[in-house]
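Structure below; questions to follow.
Labels for the chains are A, B, C and D, by order of writing; each one numbers its residues from 1.
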């Protein structure tokens, strides 16, 4: 309840501030994300990250009050994304844009940035190419290639020579397939078959049959987090692939913490690589998880977008600090190039050239904790990973 | 051969899961002439109740199913009285507007109270273990779903074709005014049929949750699938629904095995082909 | 053969049930023929077969020397074989004027034009007015059909048919459901039908049949059992049996 | 033509009253074109469709692909979108008109899903789920740039809407429009009048496709990105909801429905970005209870002029 009243207040405040310029020293930040609809969970995590950051670091920078305006974009919809961004910039006069869960939505905003003189800090949208669209984009999440690439080496190290790849048939899935294949084959493995599954697949048992038939020793999978993940993992267990000893590798989207309770014991032993685990053991993360759980209303809903949002807010705060409240997008972006800090996920920095975050990628295994709940246990660290997707382009 | 058999088992299980969820919608659309797009929303409500009962209260699976059905029907009663009664006999598109509105509301409310995470319904040990059926292992709950599907189909057929209630229901459907004149209390018949349809949605939501996981967006996410299956079978026809579910389940499963990347093409191309050949569905009643 | 219209051996089976059996009849131009028969004799099926709503199992329909059996309903209309409906099929939201205008435009091949005006289309308004005035519908020409009297709706059915300038007109019970006070207006309209038009009328009202038709065909159980002068109908044994037999049968059942 | 003046007045009022929301208003116009196109086949011909976005998406992708391949003149792009939409309409009509009622509705769903799948598959041309980005549209008439404030896009869209509306006004009051209304009510009667039904409806599908394609092209031009959402079932379903909300069978109903639905959605989702869906649902329920014939039907009832049919049967 507290949350929505705050949002309401912000909205009304925004309406008032749009007409009355007496509040000029409030710097507004517009956050676009999927706050309702099928991806509402990820949107809520954006909000939790933002609120956690503001709760821990104050609501003002150098005397400038920060005000956040949330706008809902339930599913990928570039036209709506552009309309929301335009409204935030033109009407609500935000100086910073943040959020954005889906790639096409980010693509629709980038053409506006230069004219609007507003930087965009992406909290999630994970396609490499976004960064090349505008010099005013900074990203604090990850790219699918970035989180996937270490898996190639990991698989080979664990004695796997033949892998079948099974990914959801859409942009990020294809990115993952390509990145894994490249890394795995570079390490000496062989991708025997690559399956692309329609996004709306409900029953994965035929896919499992194919995996079994392929004779591969392991499966590399990528699916968007949420209901399909559940079906995939269940089918992996139930069709006996797990007992047959076929290993399972995936980027961490598959075992996001908020899905783990639903996955149950079936997820035990799954190996995933990702930039963040809620269980990450560091004082920064402990503080973050505490604040973010409070903001979202329960630790069980916490997932990776929250940390993207948290660090995104950090970048925005640094930008405000550097520009001292003046609207200068280029100066703001320049100020955070090369910026490094300790995030809840570990040490990170903004690559000066690509403006994408450089971070550790962790290998995690789903393990049962002392409290009987499953969690992603970090077992290996790949430090300072850049986005290989951009590096190769 | 083993592969074919294995695919066939998967297809049958998936088809039966679809059948249990969809048959209630088929009844509302075919017999009561209400395009109830909120059908999935009721299945979802049942899933939440069952999840709460089994996971949070630690009750047994059977008890959870029972509570879910009863609970969902109870929730549906005021909706039937206040909203659905207004749209019996309305043009289909008006019904679409109303039931989409109801769906939106249910999604919003669920999201508000229960949050957007996936909800699981813990299975009893006997159903969660893989069972060896000779050629391969199959999850126990899949066998359970198949059995449920067969029981539901048989039970409904008996209810509609062989019982007094069935006779009254069919009379009401064919000519409500005439049935009324003959002393059939059509309002009551409608209310009971609605409750049965909702109860079936609830059952389907719970036992199908292993295929279609429970989360707030459930109601919209699978709406298209439900609508397609019901129409292909012919609204109101139990054998039609069985055939449609099994056939589409088979096309879906086989397509996804043979050429997963074109899985959707197979499915919808099959739908177009079937509809072009059987414009009223497999066992559709004449309009 | 100077026959304008002819059917030969028309047969229709629904499943195992024969609803039309080997029906043959012919009509010259200007003929006024009545088709009568007890309920369930297959009269409307016959009209549907002739006009192409349903396909016959066997037999031919010949119009103006041309075999139209394989044609659908639309080309038959375009060739001049036009019907009215037993229960009026009108557009409740449209006015009589609009009905007739649309029909005339259709006949002229102008009904699918998208960039000409429909209302106040001067090309056809004269003809539309004359049709409506013949039928006495001018004063309701601009009221919605849903609001005018049923008798007037029946007249409009005839008006639509006339607007198609038919060669053969099949009237399916033109006076059905009309209050008796309005029947004279229908009769009047029938009398004013163009003389060269071949008209086949299905009707229950025997007074109307006797006044209108020069020749009568009686259909029973899908078969023609009588063909001849109206004055001979009543005396025919088969006809008596077909009509009265029903009653006798009904009594024995009761 | 009082209606046209009203639209222009309302459009310009939007321009002056909400100068900061022009991107939203442009999107409303693009969707309004989609809903108008749906009204043509559903409201005037009685063919309900849950796949109208196929036509919209065909226009959007055609314009988008043309644009990234060097055709950047906006009017040309709109023409390309309209033609592509019309062709998609021809295809869709050919398939859909084989069936009736519920089966027809399902065909429309299957078609939009196939279009969606095809657009996803052809990612080399469409960008797949990442969207087709990088549309650099030249200034309108070489002078007016499509900029951040979206003035050009909005006024261009408004002009398109007015032109389309006037043309459609002509079409629905032409003999052809009358014939379509007749078919909606009773195709058997129309056949007995000597007119074929299929080619007439198919023609309307083509017109409808052109209108939807125009809307798609406008969306592509003003957004500079084309996403898979433009060929989605969700957009199709939304369009149908907006149409029924506004009222079937009047062009105004389509416009009113779109403006009310999108405006309401925008306002409530800004007030509470997390739980606004409940409010939209409540609006739909309220409309059905208060005005089963849609908002324009309610308006007519209030004026006492309306004895028009309640809603439309499919």
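Note that a residue touches a chain if its C-beta (ideal position, glycine included) is under 8 Å from a C-beta of that chain, and two chains touch if they have at least 3 such contacts.
Everything numeric here is computed off the predicted structure, so don't read it as measured data.
*Asks:* Give me the step distance from subunit B to subunit C, shortest route via touching chains only.
*Replies:* Steps on the shortest route: 2.
*Asks:* Would you kindly say which chain has the C-alpha centre located farthest from the C-alpha centre of subunit C?
*Replies:* Relative to subunit C, the chain with the farthest C-alpha centre is A.
*Asks:* Taking each chain's centre as the average of its Cα atoms, which chain lies closest to the overall Cα centroid?
*Replies:* Taking the mean of all protein C-alpha atoms as reference, the closest chain is D.
*Asks:* Could you grab the centroid distance between subunit A and subunit C? Build each centroid from C-alpha atoms only and quote it in angstrom.
*Replies:* One centre to the other, that is 73 Å.
*Asks:* Please compute the C-alpha centroid of subunit A, do the same for subunit D, then give the distance between them in whole Å.
*Replies:* Spacing between the chain centres: roughly 34 Å.
*Asks:* Where the CA atoms of subunit C average out and where those of subunit D average out, how many Å apart are those spots?
*Replies:* From the centre of subunit C to the centre of subunit D is 43 Å.
*Asks:* Multi-chain contacts in subunit C: which residues touch at least two other chains?
*Replies:* There are none in subunit C.
*Asks:* Which subunit B residues reach two or more other chains?
*Replies:* Touching at least two other chains: 108, 111, 261, 264.
*Asks:* Would you pick out the residues of subunit A that each touch at least 2 other chains?
*Replies:* Expected reply: 36-37, 40, 44, 169, 198.
*Asks:* Go through the chains and record each pair that touches.
*Replies:* A-B, A-D, B-D, C-D
*Asks:* What residues on subunit D touch subunit A, complex-wise?
*Replies:* 19-24, 26-27, 30, 117, 120-121, 123, 127-131, 133-134, 147-150, 219, 222-230, 234, 269-277
*Asks:* Which bits of subunit D are touching subunit C when the two form their complex?
*Replies:* Touching subunit C from subunit D are residues 170-171, 173-179, 181-182, 185-186, 188-189, 191-196, 199-200, 203, 207, 307-309.
*Asks:* In the complex formed with subunit D, which residues of subunit A make contact?
*Replies:* Touch list, subunit A to subunit D: 3-4, 7-8, 11, 18, 35-37, 40, 43-44, 70-72, 75-80, 82-87, 89-91, 103-105, 107-108, 110-112, 115-116, 127, 129, 133, 169-172, 174, 198.
*Asks:* What residues of subunit B sit close enough to touch subunit A in their complex?
*Replies:* 3, 6-7, 10, 13-14, 108, 111, 115-120, 122, 130, 136-139, 142, 210-213, 215-218, 220-222, 225, 252-254, 256-257, 260-261, 263-264
*Asks:* Along subunit B, where are the residues that touch subunit D in the complex?
*Replies:* Its residues touching subunit D are 29, 83, 86-87, 90-94, 96-98, 100-109, 111-112, 224, 227-228, 231-232, 235, 261, 264-265, 268-269, 271-272, 275-276, 279-281, 284, 287.
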